[in-house]
Each structure stands twice: as C-alpha cells, then as structure tokens.
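Naming follows writing order (A, B, C, D and E), and every chain is counted from residue 1.
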Amino acid sequence: MFELLQQSLFSGLLVGSVYALVALGIALTFGAMKIINLAHGELVLLAAYMAYVIESRTGWNPYAAIPLAFAVTALVSIAIYLLIERIREHRELNSLILTFAIGVILTNAILLVFASDVRSTNSPLLQDAVSLGSVYAMNSELLAFVVSLLVMAGLWWWLRNSWYGRAVRAVSSNRDASMLMGIDPRRVELAAFIVAGILASVAGVALYTMSVVQPALGPALTVKAFVVTVLAGVGSIPGVFCAALLLGVTEAMTVTLASSALQELVGMVLFLLVLFFMPNGLFGARARRG
Amino acid sequence: MMRNLPAAALLVAALAIPLVFGGNGYIMGLMVSGLIVAGVALAWALLGNLGGMVSFGHAAFFGVGAYTSAILSAKAGLPVPLSLLAGALGAALCSLVMLPALRLSGPYFALAILAYAHIFKILATELSSITGGSAGFQRFPTLPTIAGIDFSSRTGSYALLVVMVALCALVYRAVKRSHVGTALRAMAESEDATRVVGVNATLLKSWMLLLSAFITGLFGAMNAHIINFLEPDYAFSGNWSVLPIIAAIFGGYRTILGPVAGAVLIYLFDQIIAKELLPVGHQILLGLLLAGMILVAPNGLFGLFQTRRKGAPHAAA
Amino acid sequence: MLRLEDVTVRFGGLVALKEVSFAMGEGEILGLVGPNGAGKTTLFNTISGLVRPRTGRILFKDREIGKLPLHARARLGLGRTFQIPQPMHHLTVRENLTVAQVFGAGASDPARIDEILEVMELAEHADRDAATELALQELKRLEVAKALATNPALLLLDEVLAGLESHAKRRFIAKLRELHQRYALAIVIVEHDIETISSLCSRAVVLNFGELIADGTPEEVFRNPAVVESYTGTADA
Amino acid sequence: MLEVRGLRAGYGRINVLWDVSLQFPTGELTAIVGPNGAGKTTLFRALMGLVPHQGEILLDGRPIRGRTWDLLEAGVVMVPEGRMVFKDMSVAENLALGAYPQRCRQARARNLERVYALFPRLKERHRQLAGSLSGGEAQMVAMGRGMMSEPRILLIDEPSLGLAPVIVKEVFGIIRRLKAEGVTIGLIEQNTHIALSVADRMHLMRSGKVLLSQDAGSVDLDRLHDLYLARESGQVQA
Amino acid sequence: EEIAIGAHMPLTGSLARSGQAFNEGMQVAIKVFNESQSKHKIKVTVIDDESQPAKAVTAVEKLNSDGAAAIIGGYGSNIVGPASDTSNRLGKVYITGGAVSDELVARGNTHFFRINNNAGYQRGVEGLMQELKPNGISIVASTREAPALLAKGLEESLTKLGFKVTLHPFDPAITDFKPIINKVKLQDKSEIIFMSAYENDYVGIIRAAKVLKPQVKAIVGAWSLATPKMYSDFPDLMQNVIGTTFLPFPVEVKDEEGKKFAAVYKEMFGKEIEYASTLAFVETMVLSEALARAADAGTLKSGGLLAEMKKTDRPSPLGRITFNAVGDNPNFALSMGQHRDGKIPLVSPAASATGKIAYPALPW
C-alpha cells in the first residue's frame, strides 16, 4: 500500500507541474488584466504541434522547437490582444466570447492542417524511464517539472521586479488612473500577452513530450488551467504552482484509492469546496470585490 | 407599434416556415434543433442579463431535465407532458444545489457552474443502474399525440417548440419589465448599492437561477423526447453550454428576441451554409462570424436595430 | 430611535471602532465628526449592515437589528449614502430612485420621485445613465435622493456636502433642514466642515481612532481640547 | 508653461467645455474656482489627454499631441480625486506606481520616504488595499502618488475634499512648499479663501467657460460672488 | 442508371479519426463497385454529423429529402441509434459498421443492418485469452460508450470462462495512467493488460506500463490498435502489442475483392488499408450490390431493397456476411494481430493465424 501511494503521489506531482505550466499563462492574463483567454489551451496546443513538426521533420529533440513555437504563439497572442483591444464595452464578457471564438478558429485550423491523428514524441531519450528510489517516471516528466519550476520562478521575478507587472494590474484596476501614472495601457497589456505566449509555447512543448495531443484538446486544457488559477487564488504565481500540484496529487490519489472513473469528479468537488469555503482561493491574499 | 415590429416579423416567419418547408423533414429538423438551442439561449440570457451571472454550465440543467423526463416517462410510466414538467422541475431542483455559487461573482460563478455540469455528467455515467451509464438510455416514449396533433412529427415538434419559446419569452419579458427586472439589472455591477435600498439581492438572484434552470430543463426534456436517445456525453455535452452563449451574444443577449433569432440563425448558418462551404472544420466559419460580430456589433444583431435607449451605457472617451 | 451599545469593529489587527455607545432621539440631527480614518464611515457601515461588529448591539426603533441583513434594515427605515457614491449601474437616475422606492419603501409613487428629483436638482439629469454620465456632485445628490426614496426614518449622510462650493452648500443645508421638517427625519451627518456642523446640528459626537471622545453641542465639542488637537488643529496654520 | 487655446471637450453627446483659453505660467500657482459642474475637472482631464478634445494645448510654447504618458515623462502630472486610486492594490503599490515615469524611477525610495513623512498614516497602512481606505486616506494616497513623480507642472483637483481640517492645513502647506521649490501648479479648489491664500492668479469657470481671470492680489470678491450666482455673464479680463 | 445514396460520418468532433477512415473506405467501395460493372452508377453524398446525434438525425432527414435510396451510417452507437431510428421511420434502409451496442438490434427496427457487433470483438479477445491462459486479466477501459460496453461484456464473459478479471474504468479526460498501471502492478498482479479505449489512451497506457514495468506478459487492446499507422507513429510503444483486427499487415489478402480494395485504396489515398476503412468498404459493397439487384428487378422504388438486403450472403474481407432477423451479422468475429517490427501477423485464432504469437508480448 505504501509503495502504491508513494508512486501515485509522485505521478500526481509530475502531472501537476504540467497543469501549472498551462495555467500560468491564463493566470497572468486573468490575474493581471481580468481577461480570461479562452484560446489559451489552443495556443498551448499550437506550440505542441510545432514541437511535432520539428521532431518529425528534423528528428531533433522537441525542446528544440521552443523558438519556433514561441514565434508562432507570440504572433497569435499578439493578434488576440490587438482584437481584444478593440473591444470597448463590457470588456470582460466580450473578451470571453472573442477569445472563445478564436479558440474555435484555432481548433479547426489545427484540424485542417494536422488532421485528427494523435501525436506525441518519439524521442527515446525523453520517453525513457528513470527511477528515483522506488518511484518511476519518464525523463520528459522530470524535465517538465524542472522547466515548470524555472518558468514559474521567472514569471514571478518578472512580475515582481519589472515595472510591467505592477503596471498591468494598475491598468486593469483603473485605466484612466493608470494613464495618469504615465502608463501606456496598450503597451503593458501587449507585453503581458506576449509573455503569456512564451508560457504557452513552453507548456505546449512540455505537453507534447509527456502526453498525447490531438486537435480537440484545447478547451479541456483551458478549463483545467482556469480551475487551477481559481484554486490558487488570483494574483498568486507560486499559488498557481502549488494548486496545480495539489490538483495533480488529488487526482492521482483518487485513482489509487477509489476509481479512475472518479478522478475528474473529485477534482471538481475539490474545486467547488475551495471556491465556497475560501472564495479567495488557497493562496490569494486579495479580497475579491463584486 | 414600431417597437413590436421585430417580434411580429419573427412570429410571421415562425408561421410561414412550416407552410413553406413543412414537407421538408431536413429543414424542419434543423428548425427544431435550432429552437431547442433558442430556448436554452433564452434561459441563459435571462440569467446573464437579469441575474448578471454568466454561466458556462447550462448543460447541467439541460442534461438533468432530459434524464429526469426520460427516466420518469420510461420507468415510472409518467405521461410525457407531465414528465416534461417534471424534467423542468428536476433541473430547477438541481439549481438549488448551486445556490452557494451565487455568492461568487463573474468568472468564478461561471466556472463553478461548469464544475457542476461536469459533476452531473460524471454522475450520469456512474449511476448506470438508473441512467444506463455511458451505454446510453433509449427506448422511452416520444412526444405524444394530443388533440389530433402528433407532436413527435417534425411539424408537430416544431409547433410545440415555437409555442414554448414564445411562452418563455413572454415570461422573460414580464420579469424584465417589472421592478424586479430593473433591480436585477442594477445588481450585476453594484450589489451593495442595491441592497442598501432594500433589495434582497440573494433572493432575487436565486429566483433567476431557478427560472433559468427550469426553462433549460424544459427544453432539455423536450429535446430528449424528440431525439429519443440519451447518453451522458450527449445530454451534458459542452455544446449545450456553449451554443446558447454564442447564439445569445450573436443575437444580443440584453434583448429578449436576440437570443432566439440568434440561435436559429447561427444554427442554420452553420448547418446549411458553413457545412456546404467547408465539409471538414466548418466551425471555423462560426468562429469567424462570432469574432467579427463581437468586434463590429458587440450588442448583437438586435442590439444593432434597437435605437439606443436614452441613458443606455455608452463608451466614454 | 437609534442606540448603539459597545460596538466594536476590527479589520484584522486594526480596531476601527472601539466600544462605541451613543443614542439619538426622534427627529434629531446629529453631527458625526473626527479625523480621517477615525471610523465614521465604518460606523455607518455597521449600522446599515455592510460590516459585522465583533461585539455590541445596535437598536433601531427599539429593535435589535445587528443580525438583520442589509435589505431588511433598509426596509425598516434606515437610509444611507455612500461617501464614494455608488449609483446603481445600468440604470438611469429615475430608475435608481424607482428601485429604491419600490424595494425600500414598498410602494411605487412616481409623483414622489418627481418631487425628490426636483428637490435634489436632478430633474434635468433624470434620464441620464447614473453610473457613467454624472459628475461627482451630481452623484452625491443622487446618493441622497436614493436614500430619500426609500422613505427613511433615519438618514445617514456621509460627506454629502464635501466639495460643494459655498453657495451650493448653503442651499443644500437649507434643503436638509426642510426635509428634516417635512418628513420628520432623524439625520446623522458626517462632515469635515465645522461651520456646516455648527449651523445644522443640535448635537455632535466626535470619533478619534475608533473611540468616541466627545459628545455635546457643536460649540462645546469644537472647544474640547482633545478635539482641537486631533481634528481642527490650532486656529491658524 | 502650460497653455490651452480654444479648448472644447465633452463626453459623448454632452459637450462640457466651450472654447476655454488659459495659461499656467511657470513657477506660479493658478487657481481655478467655479460652481459645481462648471467643467473644472473636465478641463484637467482634457489637458491630460483623458477626454477627447479640440483646440490647442501648448507646453513651453510647443503644441503637444495629447498622449498622457508623454506628458508624464515631460513632468506634467495630475492628482485626481481620491476615487481614482487603484482600489485592488496596496497603498505601497499605489505610491510606487506614482514613480512610473522613467525620469523619476531612480529617486523612488527617496520620494517614498518623503511621502510617508508627510502622511504618516499611509506608512502605517502601506499594506492595506487602497479600496478599503477611508475617504480621506484615499485622498492622501492620490496626493502622495502625485508627489512620487517629481512633477514640474502639477494639476491638483480639489485636494481638500474629504480631509479633516488639520490635514487640509497640512496639504496646503505642502502645496506652498512645492510652489516654493519652483513647481508650476494648477489647483481646483472650492474654498475661495484657501485658494486665494496660495494662488498667484485665479480663474472662475462657469458652464464650461472662463468668466473671470484675475490676479490673486486684486480679486474682487463681490464680483466673484455675483458670478457664482450667475447675475452676470460674459468674458471678463482683469 | 444512377442511384443516389447518402452517408453521415463524424468528420469533425471527438470521433473524427474513425469517421475519416470510414469515409475513405466507403469512397473506395463506390469506386470499385462502379468500375466493376457498367449498368449502375452509385453516387454518395456525405454529411458531417460532427459526432453529435442531433446533427446525424438532421443529416438523415436531409439525405432522405434529397432522394437517397439508402443510408450508410456513421460511427458510435449513440449517434447511429437516433439516426437509424429516423431512417427507420422514413422507411429507408440503414447500414452501419461502426455501432456495436446490443441495444441497437433490440429496438425492432426493420430497416436496420450492421456488419459488426460487440459480440464479434468479444469473441476475438476471448479466443486469445483461452489460448494464453493468463492467471489474471486487468481491463483498463475508457468510460466512453463503446469501450465501456466492450469492457463490461468482456468482464462478464471472461469471468464466466474462469479468469480472474479486474476492471479499471477511467475518465476519458485522464492523461496520466501511471496510477492505474501501478495498481495493476502492485494489486492485481495480472498477466495481461487489456485496453478498451482509443488511440490517445493506448499511447498513454503503454507509456505508463513501459515506465512502471508491471509483471505482465502481454498488452492487448481493442480497435484501432493493431494498425500500421499506430506502428509508424509510435514504433517504440507498439512493438509486440496485440490488438483486434482481421487483416494481417502487409496485407496478405487472399480473396480477390480484398486485393482489389487494397490496390484502389493505395491508389486513392497513398496508404495501406486499415481496419475502419475495411469495415466501411464492406458495408458499402454489401449495400451497393443489394441496390443493384433491386434496381435490376425494378423494385428499387417500391421497397425492394429491404428484401434484397435480407438475402445478402457473401464472403468478404471480414468473413461471411449475412443478416439475421434483427439485421445483425451473426458471423462477425475478429482475429488478433500483433505488432512485430512494422508487420502485423495474425496470431489468433489458430485457424486464421499467419504467424506465431511472441509471448510474453511486451514493448520493452
């Protein structure tokens, strides 16, 4: 029994780290700009397919695809922002619909270009098993864990130490007042979207190396990421990481102790419980105002 | 008189369609599906517009309505008209479980409802002794023949749905025009301000959730008896959450007729025009249409027609 | 009419109100003054139900209202304004008043609303969108109008006169007097302008760091050394 | 020197300013008074590029094309009413944002100390969300935030609004000090007496027009009074 | 004489992969049939049902109103169910190769035909198990409709055959299978992992098994596993894995029809035939022939097709095809094929085997 739990705890942590990677981009645009980018899952997916393109064409390690993936996701991300920027009324609701529409467009574009086949890495190096004591993992999973830790730290540092982080939040808090501070709202928001693009590109490549991708995956990724974001509490980047790990572990434990058919159920119940009893999320310090 | 023009036009169109296409099962089938979406879109818009709550999970009510009605009519032998009502009530009852979510605002509420939809879907899969599990549930009665009208025929279903959509629209209108409607409109963005003048915000919002769930459940139940097959993936499909949102926004979710017209138009556009142009991936056109609409006419099709009411929100600067 | 007994409010480590007790009678106009952050708005929030006190009782019309929800207190006849105006969004000025009247006073009376619009000099703005098309002073008048529409017995006014130029201020004060007479209103008013308090109120209480430090006629209160030190400062700066 | 010529501005369907022309001479304090709804705030907002407008705005004789953030870099800063703080950010973050323009980022720590010294209450509450501050405290944040950016030209909208008398005195002390340091100041103030005590020149606005412009030393209070009450109209130069 | 028929296929949505393969097989059949004789020309209109029942129902209605003589059904029992109901109501013959639920033939629809069924898959797997005689079988099954049905059926029948069976149903949203495989490894300790799922799940499950290396002797799966495509996409994962199929690879089709099919398929789509396309090919051929017979007899307009369908009795790449009273094909049974260095020999049942099973059969 102990061995069983040990392995599932470990697996849960690794899966959680990918949830975190996917969630960070959403957490950034939502936490900072109150804009939920419903096309974020598709951005991640797009990056994953770039990894597939690079791997299948050149045989290189999928991680070599990060520059290409970044170029593509950043472009799409910028396009998304330029469209959102044109919305004047009811920005929060309308941007939701707009990004949803963009997600539909991307999903179908991916379907048209890459067909509905399932894709995943073939690199033996990444797929090889490693054991840490009595627990096992794929190389790619450990790598993704480390990458997600680094990315999280990087993002956290950026939001903390660059003027952008504060500025983005100021813009979403009060646009006019932020302009009076000398902030160019478009510039900082665009920067946030580009960073979200970077995050998506890394997440996509990591996803490709340790899981299976297919065109219809986008919305599921977005929802999971958003659940993690809310679980964490808006505005807390380390919180996203912890919440993602918690979700991963909870799911793995459900599989081990009960049935794998209940995994999603337990995840959702956990989410609701947190939402009702800790409306600010597990790590969100800020008051949520109506 | 001018104000009722769109409504009159819609009514004429609704009457004309069976006269022109009555023999064409395909068109009538599309209309029926479109009207189902229209009903849910209306319910969604009611909650969104009056309750100020954006829901991502109306599939929950839709599915519960469908299963409740199907199971009661098949296993308990309830006559279908009653089971439809029971389905609607079942959905409303389910929304009681969601009342705690009313404390949440904006995206938090939307996501909480989505979580509920997931949970109900998984329950429907797991409680296979009642629901038939993922294998699905079939062989339950179709819509009955009453007073010589066979409601299970395409034209019969169509007539039923037109009447139901119209009834729900009237209820919606009555609520919206009442003082309750005015108070609800304000509550979305200024809850404290409304409460200190004596509005019991929680209660009013609860009523809206209940009403919206009721309507959605009703249409879910009708759809079940029209399609005559249920399985969790279908009854609780994300489509029942997403399509109505698209339709409502497209038509103008702050209007009453917008969601209805939006649903039918979007559905027909997607199925007739988009599918013709792009057999695979035709939803890309839907996406483009929706994105364009939000950018060009954020208040939807009907919002475009409506002369801007004095004092309506407008963009400053 | 209104009685507070040992009301204490905390925000985390901060004691915003410390065992505050006072009572006021029917038809009284009470001035509530004190330095910034003394707890005046918090006191209003506590009475109207936005903030739950840690300890203490609040009695209104001889009824304990400490556990009642916001809307119930409003229906009992507690009207209040917000220091930072909070109009009801998406509604016109007139609709704001209608909602307040229907839900707060329990009856619909368009004539009365017209009257309030007239009195509060909002008639010309009646059909503007309250949240996006009014300037600050208009919003403040709307605050008072909304509270009046609920047909209150007690009106809590939080700095409704701040920022008015002197003539407008005088006009407003006269109006308040008239309302007070006509509807037999009891009023608690927060104001930083000593003159206003002196001319309008028969009695004033002073809060400082959440504590009630003085209670009496405005003259008495403003002569109180503690008040002078913490609030008015020396006569000339 | 900041100058406007023939400024027209408004909100959507409503026009508020009608051909307003006035100057904020370098190193002087220019007070603007006038009844409520006269368009004083709108004038400042238009100057800062927050409200669409027609007419010319000149900074040191050169026309500026109203990009708010360029103005900030050039040292033109506005202190809005306390409602315009960043409600869901802490006091410290609000103040830090005041130092956003490139030119004053270096001196952020020093300026923060200065602001905390002037408003000790803000130092106590530096972690509190600005949205939960009392009205007066929020006003202090707005004022402090403006001072974080080392303004060359400072436009202040009703700094005394909602402040206790002691604090009002302090704030005007600060304004005097800033003026002494050579900052050009535009001030909107309801209290004519206080305004006159610090101003070099005074303009009276009414219904979106400047009706009276006078040197502070030679203000005719009766005239002012009359104009407030609208017994007279028309442009008056003194 | 041109005969118009219609088809609804899930070209988009969750079942798009299978729908595409079905569509290809069907197109090849039409071509082969039209070229094989010159009297009749079959024309097919395909509508995307988006993997949704309501869309499939309207598709059937549209095809009917456009004058289709019969309808070829799509994939997935939940979609075929309501669609074939509608077709039945409209009096149109409906044939499918993608809906295996037993419920479908219990409805008493007179115009419903299908060439495959759950029982056929079960029989294939049961045969293999009886040959291997493992001490225990762990079934890892998606809770989606078809996989869940197969898993349920197998759990019952294998238990009846005396095997120790453990069922692990999983939510389709799952991506990490290590916790499940870990249970197999530490709790079940069975010798066989049987997967009833779809392609993406197979990849995930086998990867997890490769990492945790449970003491199993074989990894076996259901549909869409023993296909050349899976091997070419994931060679490291598929080696030695066993799945249901009926054709070895490279295709060693003995019958003329199969050879023809493979050749035309390669010509049209540039790849080898696979499992789903073969199903579609066969159903389309069966239908086409019945249509031709009815047209020859001049009864096509007067409902003669139904009678001709019932008379069907022909060999096919899938084996013999006949229809019983409820429209089911009682002869349907599958073989098991094993991935071996890019080839897929049939390893069970012994009668149709083209190679010997490598056992233990593991990709590591």
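Convention: contacts are C-beta pairs under 8 Å (C-beta built on N, C-alpha and C of every residue); 3 or more make two chains touch, one makes a residue touch a chain.
Quick caveat: nothing in here was measured; it's all calculated off a predicted structure.
The chains in contact with chain A as well as with chain C are B, D.
Of all chains in the assembly, those touching chain B and also chain E are A. A count of contacting C-beta pairs for A-B and for C-D identifies A-B as the more extensively joined pair. Averaged C-alpha coordinates give centres for chain A and chain E that are 36 Å from one another. Each chain gets a centre from the mean of its Cα atoms; for chain C and chain E, those two points are 75 Å apart.
Note on chain placement: the centre of chain B and the centre of chain C lie 44 Å apart, centres being C-alpha means.
For chain B, the set of residues that touch two or more other chains comprises 122, 125, 192, 280-283, 313-316. For chain E, the set of residues touching two or more other chains reads 12, 143, 171.
Taken residue by residue, chain D touches two or more other chains at 11-12, 50, 132, whereas all remaining positions touch fewer. By the touch criterion given at the top, residues 54, 100-101, 103-108, 111-112, 114-116, 118-119, 122-123, 125-126, 191-192, 238, 242, 245-246, 249, 280-284, 286-288, 290-291, 294-295, 298-299, 313, 315 of chain B touch chain A in their complex.
Against chain B, the residues of chain E that register as touching in their complex are 11-12, 46-48, 52-55, 57-58, 61-62, 64-66, 77-78, 81-82, 85, 90, 101, 103, 107, 143-145, 148-149, 152, 171. By the touch criterion stated above, chain D contacts chain C in their complex at residues 11-12, 14, 33-37, 41, 81-83, 121, 132-140, 158, 161-170, 172-173, 190-192, 228-229.
Contacts from chain A toward chain B in the complex involve residues 30, 36, 83, 86-90, 92-94, 96-98, 100-105, 107-109, 111-112, 219, 223, 226-227, 230, 261-262, 264-265, 268-269, 271-272, 275-276, 279, 288, 290. By the touch rule above, chain A contacts chain D in their complex via residues 163, 166-167, 169-170, 173-174, 176-184, 286-287, 289.
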